[in-house]
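Structures are listed in the sections that come next.
Next come two complexes, and both contain chain A; in the first it sits with chain B, in the second with chain C.
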Partner chain A sequence: MRIYFTRLKCLLRDKGNLFWAIIFPICLGTFFYLGFGRLTMDSMIDTVDAYVASDYTLDILVKEMQEVKINNDKPLFNVDVSKSKDELEQLLLDNKIKGYIYIENDEIVYRVNSSGLEQTITKSFLDQYLQITTLIIKVNTTNPDKLLDVLTDLGNQQSYVKEILAGSNPKANRLNIYFYALIAMACMYGSFWGVGLVRDIEADNSPLAARVNITPTHKFKLIIMYFLAALTLHFFGNVVLVLYLKYLLQVEFSNNLALIILTSFVGTIGGITFGSFIAVLVTGSPEKKEGIVNVISLFLSFLSGLMVLEVKYFIDHNIPILGYINPASLLTDSLYSLYYYNSISRYFTRLAILAVLSIVFIIGTYIKMRGNRYDSV
Partner chain B sequence: MITDKYFYHVVKGWVVEMIVKVENVSKTYKNGVKALQNLSFEVREGEIFGLLGPNGSGKTTTINCILALLKYEAGNIEIFGEQMTPERYDIKAQIGYVPQQVAVFNELTVEENIDYFCGLYVKDKTKRKALVDEAIDFVSLNDYRKFYPKKLSGGLLRRLNIACGIAHKPRLIILDEPTVAVDPQSRNKILEGIMKLNKQGATIIYTSHYMEEVEQICSYIVIMDKGQVVSHGTKEKLKAMITLGETIEITLPNRNEAYLELFRKLPNVLDCFYKDRILVVKSGKGQTNVPNVLQLMQEHNFNYENIYSSLPTLNDVFLEITGKELRD
Partner chain C sequence: MIVFKLYWKIIKKNAFVFVVYLGIFLLVTILTAQSLTRNNTKYEDIKVRVALYDEDNTSLTKNIKDYLYDYVVFKDIDRNKVDDAFFYREVEVIAIIPPGFTDKFLNNEEVSINIKVLPESTKAFTFEQIINKYLNLVRVYQNNNLVSDYHSEIKEILKQEASVTLPETTLENYTIVHFFYNYVAYVVFALISTIMGSIMVTLKSTDIRRRNNIGRLSNRKLNLVLLLCNTLFGVGLLSVLILLSFILYKDSIFNIKTLYIIINCLIYTITIISLTYFIISLFESRQTVGAIGNVLSLGSAFITGVFIPQEFMNKGILKLAQFFPNFWYIKVNYYIAEVTKFNFRVLQPAFEAFLVQIIMTVVFIILSLVISKRKQLAEL
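The block that comes next holds the complex of A and B.
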């Protein structure tokens, strides 16, 4: 334990370490908060202008559209039924409106000249409207005695906006995803501690490491003690970050605080062991190793959707195996499991895979380091 | 346990244990540089063994091979009669290493640094405390116990570097150029300390390109050049190997090339040349040539500022064997 405490002391006395482990993620969180933390999806969406052809309209649809609200006060649609289909077509061709709705052969047609948020919202509403009316007609035809139950259920779905935009977790704020991403990134930052671990143990990385190498201390013991010291400090930093986000910035983590901290713990282990494993595989100076680990971490983070969410969906659908061996992906997946799916089994599966990967990384690091003689020191 | 019977040498009827045995070791770096070529030597218990050679001669490479830090393509290295490998922790426990570059933790104080390294060898806290105190005393860093390395001068830092390597009282101490960039006062303290360690029973391997240091403290010397042993023995034996017996240096007010011929005609003179205003006369073994030189100068009424005679140095040995100076 003496090695552990001395290592911890060294890490704590290095102001650079403290900045990157604790201060930097907090600064980033604060910037996120100042930038868009106060925003919510509700406040981001304005009332959408919707045009329905007066000569090809459906009263019930217009009525539904007029009643849909973003929140209690703000209507989702500003419905205009004063123009004919021909007039609206001309306005659409002149780019004066973004789209219009008309009914033809009992089908709702939505004509647009381009894609955009307003068009997406309108289309999503129409899709759902169609699903509901089809359902009512089907129940009325096949099982009329259940119609009242169905209508009651449907009546409980008060917000189309939340249905469309917020996924299956009705309490979640989509912008929280940035704070989850920040936590995931802070965990992946642990990879730099991993590089530091290798730098201070591999004899060809520093004179200090060469000196430590000729002592009778077993390399595995050194690796574990250095790892535990890095884990202690980095995990502490991550817990501070989570608590800062929750209690000072008031970021809503639902009831998942304990699970987020657990993710942070396993994620920190994953980050450190990943960094040490890559560092031990790459030959060259510690600076080179740090650079390569940085590039790989960023690439894996990109693949995991930390920067562009759609990339994650693409990987999940086309190369799913990559999602299971990418620590960043496993980390974001477990956090998203809490956010999107409220799925504990999915959450624990991802966390377990990450834990197994971490074990593989640390053992791999030891095997690569064990009994090493170097070409030059 | 020492198992190899060949690891004992008999000197004047006493059995002397062989501590390090380097046999035909060759090492080529990835860039093609042949650092060691069939290098062989032995270090006996109780010696201060000097590895002398110019920069780039392979001294540090040799040390790193002995410590099983470096790969080498041929040869064999044994310490305490056992094959040295990176995982021979039992052998490592008996070695103290002072690297050429200062290798200490900048985040730990002087005392904490020594305690940390000592603790990698000695688990018992009470015993370790005594050893750390002793090491601090030994390198005279008592006034700097709570100082961080960044606050220490180069000389004090070197002393800390040494203390970290010797605090656990190892049987074999390897010091790789410990006095590089050190002020004369610290250098003397370091050299005195090494002799003291040797008197306390440690076998020392000392590498340097400063011949004066090696000459001052080493009982056995291996001279290296281009990764090979060019000569070895005690300093007396090494000096006896060469033809040079004496070097006389005369500082003249002006350089006069005609003097050279006169001095060359003196008996037993091997060579005569100028180094700036200093006329250097090298003589062979035998009686000193100083009276002859003085007589010649008197006869020809030469003016001179001073005259200085010296016996051969290891530099002379190196020069005669390799044709170049140690500091080239």
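The block that comes next holds the complex of A and C.
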């Protein structure tokens, strides 16, 4: 027990690692929040500005446009018929408007400067107008007696779709993945403690470790105590991060706080064991090990969507195996399952795989460290 | 020359770690580039991406699908994975035609296709319009017994479309190259701050600095030579990235725009080098420099629009973002990607942003020289 407290004190003095473990993720979370905290990437339907050239207009079309509605109180178009075609053309070239409509020789022309959602909505309305007109003319020539019925039927537009809400939450915002990947990264940065653990126990790594090595304390006991000390500290940091994100920055999470904390607990174990495993695999100075652990952690976080969120989806669908062996992806994905699916089974599968990975790391680390005896360092 | 040689010696010694860094960042860049999608160059309706599951399977539902082919993009996605796809907006609409749809529809009973969409989004609205348009037409045809083969008749009518015209100069597609170079902003910052940081810190240990101080090379000259070395090194890194972009996008990159974007890149890289230099002059320890480099590179990338387009971002945040060189770099990239004519008047905003970056560079260099001098004097 004394070893544990001494080690904890040691770790608390390691300013660099404390920074990576606690301050860095919180800084980054704040940046994320500033960048896109309240953002969604989906465009919501809103009234579209439409311009019809005053000198080439068609009254009935304008009237139809003014009448369509998004819902009971919102019109689909805000129609402006005050400018001439020449004026509108100039506005279009200056990128002040996205498009305008004029009617020449009975033909409706929609002039635009780019593709886009607003343009698509406008064009689709114009198409529909033309198509209905065509239908009426056609019926009038082939079945004039049915014209009245057809017109009544046309006037009686029905909706054939119904929005369902079952299963996952359709309003889920995909940008939240960034925050989940951030938590995953914070867990992965537990690997710095792992490197420190190896540095201070393996005799060829530092003078301190050489001294520790000649004490009669069993190596396994040392590893466990050092590990527990790192776990305590890093887990504390991660809980602070989660609480900071959830309550201060109001990032959307699943409501089940206990499971989120559990994720970061397992994640922290994964991170520390991962770090020590890499540290026993790579030979060289502790600085070199830290550099490599840093860049690998960052890379794994990148694969889990930390920088570009589409990357996570791309990996999940094209190289799914990578998602199962990457601790950062497992973490991001378990938080995502909780948030989006409310699915406990998927969540626990991810966490279980991570636990197995951590055990592999521990065993790997121990096997590599166990036999080492030094005659001289 | 001695300093110059020393610099490359340090690089050589740390080559392994640097190569790992560079390799991983290149991999990251390539993966990102792959996950971005390409667009086309003429006017096209924005089509909704739909995953449709037909549980009714009748001639009517076949006709619906046949009709939809022209207006949406169908995504063939396993039903178990479709929720994931929806979350990432690989599909924007999940539509399920329930069993018995056709019977009810033909009997004029109330019936609907179940869709999962983001409520009140533009894509949801568009999709609902597309479906309703067709089914309402079918209903009109059926109710009035107009023709027997309603489907081909309706398709005939739907061929009537408003004509769309574009001014000639617009719409040259450059999006993908532009995104690549936006991303370069992060890579350059992260690579330079970590690699250069660790080289420079080596020279800063007290013993070495004291030894350098008694040498006959002046502090200023030493700093300037190091700055030159760093610039060479940074430009070298940048050329690797530029080369990569030429390989990835060989069909769309040979363009006058690329020239301006590369100039922008070059200025940006130099600005970042001087910024890193400034950070190094402030702090002593390798860890602090690495930490600050990491926070700044990733953090500034998020608030200046590297990962998320500036147009989506909060105006207040963008004001803050102006203090970072990335902001100006990204701004020029957007601007260059959009303009179609190149003359001095049009390019003026770009030149202004260049100027801002250059001023930043000069300020950073002066500050770091001053700080370095002060620290040297403080030593005495």
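Simple rule for what comes next: the second predicted complex is superposed on the first by the 238 of 377 C-alpha atoms of A that agree within 3 Å, B and C clash if a C-alpha of one lies under 4 Å from a C-alpha of the other, contacts with A are read in each partner's own complex, and residues count from 1 in each chain.
In this text, contacts are C-beta pairs under 8 Å (C-beta built on N, C-alpha and C of every residue); 3 or more make two chains touch, one makes a residue touch a chain.
All values reported here derive from a predicted model rather than from experimental measurement.
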item	value
First (chain B), second (chain C), both or neither touched by A:A203	first
First (chain B), second (chain C), both or neither touched by A:V212	first
Which superposed partner A:I292 touches (first chain B, second chain C, both, neither)	second
First (chain B), second (chain C), both or neither touched by A:Y247	neither
First, second, both or neither for A:I70, with chain B first and chain C second	second
Of chain C and chain B, partner touching more chain A residues	C
Touched partner set for A:R2, first chain B, second chain C, both or neither	first
Intersection of the chain A residues that touch chain B with those that touch chain C	none
Chain B-touching residues of chain A, taken from the complex the two chains share	2-3, 6, 9-11, 13-14, 203, 206-208, 210-218, 370-377
Chain A-facing residues of chain C, complex	16-17, 20-21, 24, 27-28, 31-32, 34-36, 43-46, 81, 83-90, 95-96, 105, 111-133, 135-137, 139-140, 143-144, 146, 157-158, 160-167, 170-171, 183, 186, 198, 285-288, 290-291, 294-295, 298-303, 307-308, 312-314, 317, 320
Chain A partner contacts - residues on chain B that touch it in the complex	29-30, 64, 67-71, 85-87, 89-90, 92-93, 95, 97, 99, 101-105, 107-108, 112, 116-117, 119-121, 164-165
Chain A to chain C touching residues, read off their complex	15-16, 19-20, 24, 27-28, 31-32, 34-36, 38-39, 41-46, 70, 92-93, 101, 107-117, 119-121, 123-124, 126-131, 134-135, 138-139, 142-143, 146, 149-150, 153-154, 157-165, 167-168, 170-172, 174, 287-288, 291-292, 294-296, 298-299, 302-303, 307-314, 316-317, 336, 340-341
